[in-house]
């Protein structure tokens, strides 16, 4: 199993604020990994660090084994890492089809095509020509995932995909993510909704106050610590 | 509001020595100016410096708006030019004494800025800049059009009476004495603006510039203070217009043209508008750079263009900002 | 923080001291002529002509050992044709010792300099500014004009218009003081000559598109068109009028419209357009022939353009005044100029003492081919006493 | 109005396009109470704070303060009436010194208790530092200080402990509880740090998908299965 | 009247081609490019020089290519290094560029006015509404329509057009999808400059060429861009057509106010809608 994304001893944050302290995290080919934690513990900072939005003050981020300097945002995508950002960031001026089409990075073999994405999410085919932001929250989430898939990633990073979704939609989302994982795409799920994590991931990290406080296989997770770090 | 606890102030605010020091440096600067005027014989040098300083007052007005409100005006030539034309026209039509004309020349642009501000200050960013550009150009076109009174693009000379407020008018046209006048005015303006910037009002407007929403949530109305900053900035600009008219005794629509606003902006940014005196420094440097380049070659435009680009690429925060940063690094933060 | 103010002021002071020139100008023997003119911007082309003519005159004079023994030296500074800049640059030149100023383009520049000449101990000789004000209500003892003023151009319109057969006329003039005045005097000339004005249009200065005006002229049914546009406006209009077929349909004449440099730009488009000609290299005077020959030799066969001829005339006047005054002091030169008579390319001309306006003949003609090149060809010469209206009395000339 | 609550929202609804951020929320906080507001991301907590503080307009429903309808008041009018708030993202004036911005705030509140506030929130030593140059934790406390100037009657706090270390969060919680008790401030607190919420709140409201899911004392809330489900998902 | 409306369409068309380049650059870079008028001027001169040998189409092509290179250089050497600075800094840089380009043109092509002849294939006129109307003016309308059509087709249907629209709306998200937004920006600025060049070449047979000619169109094109809505192509199109008409009809029917009308229109529109007719940015 080769390493796709790795954080080692990462310290990062914004301005003078250090959000992540000494974070170590790896994800390999075909793995399904979750980062759990409540709001404000630094989960999104993990994403922002490898995008270069948060400043890396020490440690390193590696993409596919190479040291990653997160200045040019498009490099990560070209190395096979696609992001489903928090809040979806659907581009309002583009239609559903166009939102998907940005992800079709040029010049590589393309297992993912518009048709395959439409097969995966039939609702997107139906509404292909409506503005992306006219979709409901759940549909927008499907669109964001579809768009990420269009760049043919070997690793899909999802930042809080369950945010603002009704339970029944989260169930649908879980099914889709399982499908993707079964087809071989590695998943990094950054979530606070354990139900989703539980059905998708095999390994987990728990982030609290910017550090990894616990990690392991989902099979052996303790409900006590879970409630302590994630829920009430 | 019951039970106000009057604890002993742990830290004393607005320590008076700073004001005293500022006042002392202002007085010192004026004295230095007078001394300089007494020592330098060359009328040529004095007239150039005088014109540079009048331009510096204009740039100070433009810069103050950037500093306190964070918006960029492309239309300050309107305030400057209206001041010029007010004096010139009032005297030409013979409707009032020169002293009243000067007061009116200060009051009109100031009032205009206030009324205009009430309408446009809410409009942010580029749109604000473009609006000021449009308003300024509308006045330019008007001055071109109203040729019966303004002489159109030819302009006209201003017939000043022999004395203003008992001071012989020749004083305002002699480079040496006018240097002392305009230099003192510049110093007083910078001193005054520094006091205002340090006052609760000045700090409030910086706060609004920084974070308009939070200012509302600590209980402030945020429109009026910004309008007042624009008004003040227009007032300073109008002072420059008055001095220019007294010294130059001629007005033409060029004093209303957007290229004048643009030059003032260049000066303010080169000097660094974060500091009250930055734009004035920028104006003086720009004025002499242009003068020297024009002396050397007719390709002065290209030279100024290259210098401008290089300066902006190397020190985007402006000369004043860089000097202040160096100063701070050398002597700690003050 | 506050102390840094002092630092800035200190720096300023020392910078000022460094830049200050070493001392007052010393060379009393040299005739120093300051040329504040447009080197950049829309009028840069005219500025270049002024400079060329001045340089030509100076080289000629120095080759002869100077003017009354004084070597001649010039310095040129850019005014961008803006009055405020002209004032600054003229002052700079005067204070550097170049106290005889000439070469400015826009009337506003001359008007801005006028009131300050005494302060600078300088004189200004206009060779291009046409506004009547210069020698009218804005006249000053140290300002002179050796070129035609607007009133002189207006004066020749009346007799000329009487000789035309076209009865319906349209006017297109720049919406600036000069254009308005020219339009007004054409209306008066039309009234005297019993011609109808069917359209009177003033186009904004610096217009890009003349189509709306061309359309108006076309639909007015005008047989003749009087155009008072200059420079860029003139070229834009002529080009677009040609496109619309207006120039072929209507008899076109104008003032400042088809000058030599506009003809150079417009080429065939300008052929057959009539207009007031203030100077033409085709003028048949011995002095002019000699001048044109010398010019051709120096500038590869080019003939002097109208502004070049007019500026050269101004230089002739300045030099002769210096010879007469036997001094290069501005006041002495001014005294010699006032009321003096000078031998110029246009023959013997007098600089009127009352308003410092040169009394000049004026010409009418059209653009035609001469020696393989399009040039203004003079058909009518209006003698100086007719072409120059008497002083209006608005000028209250003071003492020097 | 028999017994007026300090702050009371009734039938508050807010909509973005077709999405309801708040669906008829009723919330009433008693005088002097510290009320916790929790719920997963996207539940509408910040929107509720925004509507109460006058930052966002609501579509229907009313906001009352001590029984008076303040729905039509602007943000600064609400602040003058004694309703202050802090922000989820640090919302200070980076270019001003700490003391300058507190001074400005105190002038608006017409109550010069800067020194008191600085002492309570441990900011005194930083008085003359530019806010941009102080640490993140200090900035959070400055944000809170801006809201506390003038001793507001009601304080709406949107995740004051976000991004703070465990020690810092607990310290902040104690300061809050202490001040609320001493000054009689009513607090509505949105917070994800459950340790903070459960240790200082008198009552807790759980919001989920724009509606109230549960309300009660900390102990009651711990026992509600729907709350656990809302956080952990249906399959647990 | 009808012919006057056609004239307004010509002028509006010309304004559109100049302005649309500004719109492109603003949309992506959020920069008000004061050098745009100078790029227009440079295009006119390049067209003038090439037209003598290469004919009209050659001139158009040459101007587009030369200006595209200038634009690409501008983006790589100046705009990208400054993209994290305050936008006003970049505005000043474009001011500097304006001065350099004017000086350069004066140095290369001289101070005298120059004029391009109307291309022979488009000389002459046709009868419209009973009046003869120059063919070349119809060509200007056609070119403006072609540019508008071509640009919207390109933006709608091509991959790069999609990237341009996407990164104008949200550069970060677009980059995260693997789009090289730096390259998109080079393309956009180059295209914007090329359009300025094309508009210069197109107007060369109508206008006197001088180094300062850019200043006569710069402010009007700003008005078009701002009234239309910063960054909006459709808005710029509407605004250009409206201003073309208002400008021309104003000159004919209210000559005393004509020069002030566009400014007042802009003030009115901005006060009514700070984002302009169709814009979403401020």
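Chains here go by letter, A, B, C, D and E, matching the order in which they are written, and residues are numbered from 1 within each.
In this section, a residue touches a chain if its C-beta (ideal position, glycine included) is under 8 Å from a C-beta of that chain, and two chains touch if they have at least 3 such contacts.
It should be emphasised that the depicted structure is a prediction, and the values quoted were computed from it without experimental measurement.
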Touching chain B and chain E alike are C
Please name the chain that ends up farthest from chain E once chain centres are defined by their CA atoms averaged. D
When the C-alpha atoms of chain C and chain D are each averaged to a single point, how far apart are the two points in Å? 75
If you average the Cα atoms of chain D and of chain E to get two centres, how far apart are those centres in Å? 51
Distance from chain D to chain A - Cα centre to Cα centre, in angstrom: 30
Express in whole angstrom the distance between the two chain centres, defined as the mean CA positions of chain B and chain C. 37
Going by residue number, chain C touches two or more other chains at 39-40, 175
Which chain pairs here would you call touching? A-D, A-E, B-C, B-D, B-E, C-E
Where on chain B does chain E make contact in their complex? 66, 72, 119-120, 122-127, 129-131, 133-135, 137-138, 141-142, 144-145, 258, 262, 265-266, 269-270, 299, 301-302, 304-309, 312-313, 316
Which positions of chain A touch chain D when the two form their complex? 13, 15-19, 38-42, 133-134, 136-137, 160, 162-167, 170-171, 192-199, 208-210, 223, 226-227, 230-232
List the residues on chain C that touch chain E in their complex, please. 39-42, 44-45, 47-48, 175, 201-204, 206, 208-209, 211-213, 215-216, 218, 231-232, 235-236, 239-240, 243-245, 261-262, 264-267
Residues of chain B defined as touching chain D within the complex: 1, 4-5, 7-11, 13, 200, 203-204, 206-207, 209-211, 213-221
Residues of chain E defined as touching chain C within the complex: 3-4, 7-8, 10-11, 14, 102-103, 106, 110-115, 117-118, 125, 131-134, 136-137, 203, 205-208, 210-213, 216-217, 247-249, 251-252, 255, 258-259
